[in-house]
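In order of appearance the chains are A, B, C, D, E, F and G, and numbering begins at 1 in each one.
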């Protein structure tokens, strides 16, 4: 299991839906990474300069929207994940 | 629904009014993004280093003016939104 | 009405006086933006990291001198304004 | 023995598993450094501006995932180690 | 009158003395701005993050030495001034 | 004697051991500076923003490992030293 | 007299000793500025964000070693001085 540290969040990215026109699958631009994903695990939070811990703003299971170019992608157990800092998550999709 | 995180704000951008001269619609320069929009949702605010939360300075429904190059545009449910940091909102149009 | 947020200030810029030589109006270099203006509205101030609010250092009606390249110019109701951060105002002209 | 200072962590990097196809060992791209390793030693932690010490988030023996381009590699007693800042460790592999 | 804001200081710059050799006035390199001047007015000081005001370190009348490339030059009432941040004043000439 | 200031540390760098193969001394790449050295003197420490002094993390006599490109090399009494900031010392070799 | 402000220090730089070989004076590389000097005057110190004053770490008369590329050189009364920030002084030569 991946246990993210600090204010990090492990995301399982989701493929953007394929679009079909007359049965032909139109691939999206391969360079454009997905912008949505599901939170798999969250760290314990960021430590403020005052010594307090700032709780993560998302929790496992949340579907989230994140900055396209943020994070580190890691391969683990043949799955590909994205590890982001909490601040790079833009919104929760409810 | 999009729930913005931290000091983020979801904006529905507005098209600049088209200008007509003698009945001909003059399109604005397509590269120039709109500068005004309506606030759809706001996050819970920014956490200061002291641990206090700084409330957002706008609320849903506010018509706002924002920096032309700020924010991340996202597509959600076939609508296009702009997600800004609170600090990139320049003024409320009253 | 434009209600500037945070430490922002709305300025009505003033044209530099035209210079005339023998009745001919000499336009200033059009690229050089005016450096003086009148304050139209001020925000509620900047929030310090300690959570205190720092009052703006100018008020509506003040004639001010500002950094030539600062601010965002906005068009509103067919008027052109400049929105500056309080810190970009250099001096009050008394 | 290497005693890392402050928020530093000594890592023993691990070679990525070689992949074989029909008995032929396929070397990974040599330029791509390993991303996982085992923590050998940790420093006493980072001193916050408030004067408090922030404990390291990993301990000796942890298997960790780290940013590919972080850290300083050092040779010591014919072994090659990587010394990272605690914040460059992305996750613990449990 | 120019009332500088915050930690700003209004300086009346002084021409470097001309040098003469055998009666011929040798102009200094015109691109090199003067480095000394007289303080005309000072702002109320800089606000620290703690909310305290840091008094300016010079007062009107002081002859000062300042960083050659600092400040904004402004024209006011046909006089040319330099507006500096207090921190760009290097020394008082006593 | 050299008394380093603040969080600085004076280091006597050590030549990397020469390697010999069949009696022939193989010089290391001359451009690669040594990475280890002995601490000769330490400053009184860094002053935190809170006003507290942060003690140096090494003491005279420690054998240390440091970042290859850090520090200022100085010649003093025909000896060559390296003056580093405490934070550039990576580990103590025990 | 030059009274440096804040954490500044006025230094009288010293020429590096000329080296002679068989009576021929070998000039040092003219581009390399001296690295040692004598402290002539010190400011009152740096103000920390907490509002406390941090005393300068050197005093008039100290012989010091400083970063080669730091400071502003000023000409005053036909003498050439260097004005440094306290933090650019590396060590006191005792």
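Going forward, contacts are C-beta pairs under 8 Å (C-beta built on N, C-alpha and C of every residue); 3 or more make two chains touch, one makes a residue touch a chain.
Predicted model only: the values in this text are computed from it and were never measured.
Q: Subunit E and subunit G are the same sequence; what rotation (0 to 180°, nearest 5) superposes their CA atoms?
A: Going from subunit E to subunit G via C-alpha fit gives 50 degrees.
Q: Compute the distance, rounded to whole Å, between the mean C-alpha positions of subunit A and subunit E.
A: That gives a centre separation of 52 Å.
Q: Taking each chain's centre as the mean position of its Cα atoms, how many Å separate subunit D from subunit F?
A: 23
Q: Got the subunit A residues that touch at least 2 other chains?
A: Where subunit A meets two or more other chains at a single residue, that happens at 49-50.
Q: Ring order from subunit F, via subunit G next?
A: In ring order, starting at subunit F and going to subunit G first, we get F, G, E, C, B, A, D.
Q: Any idea which subunit B residues touch subunit A in the complex?
A: Subunit B residues touching subunit A: 1-6, 8, 10, 44, 47, 49-51, 72, 74, 76, 83.
Q: Spell out the part of subunit F that touches subunit D in their complex, as residue ranges.
A: On the subunit F side, the touching residues are 35, 48-50, 52, 54, 57-58, 65, 67-68, 87, 89-94.
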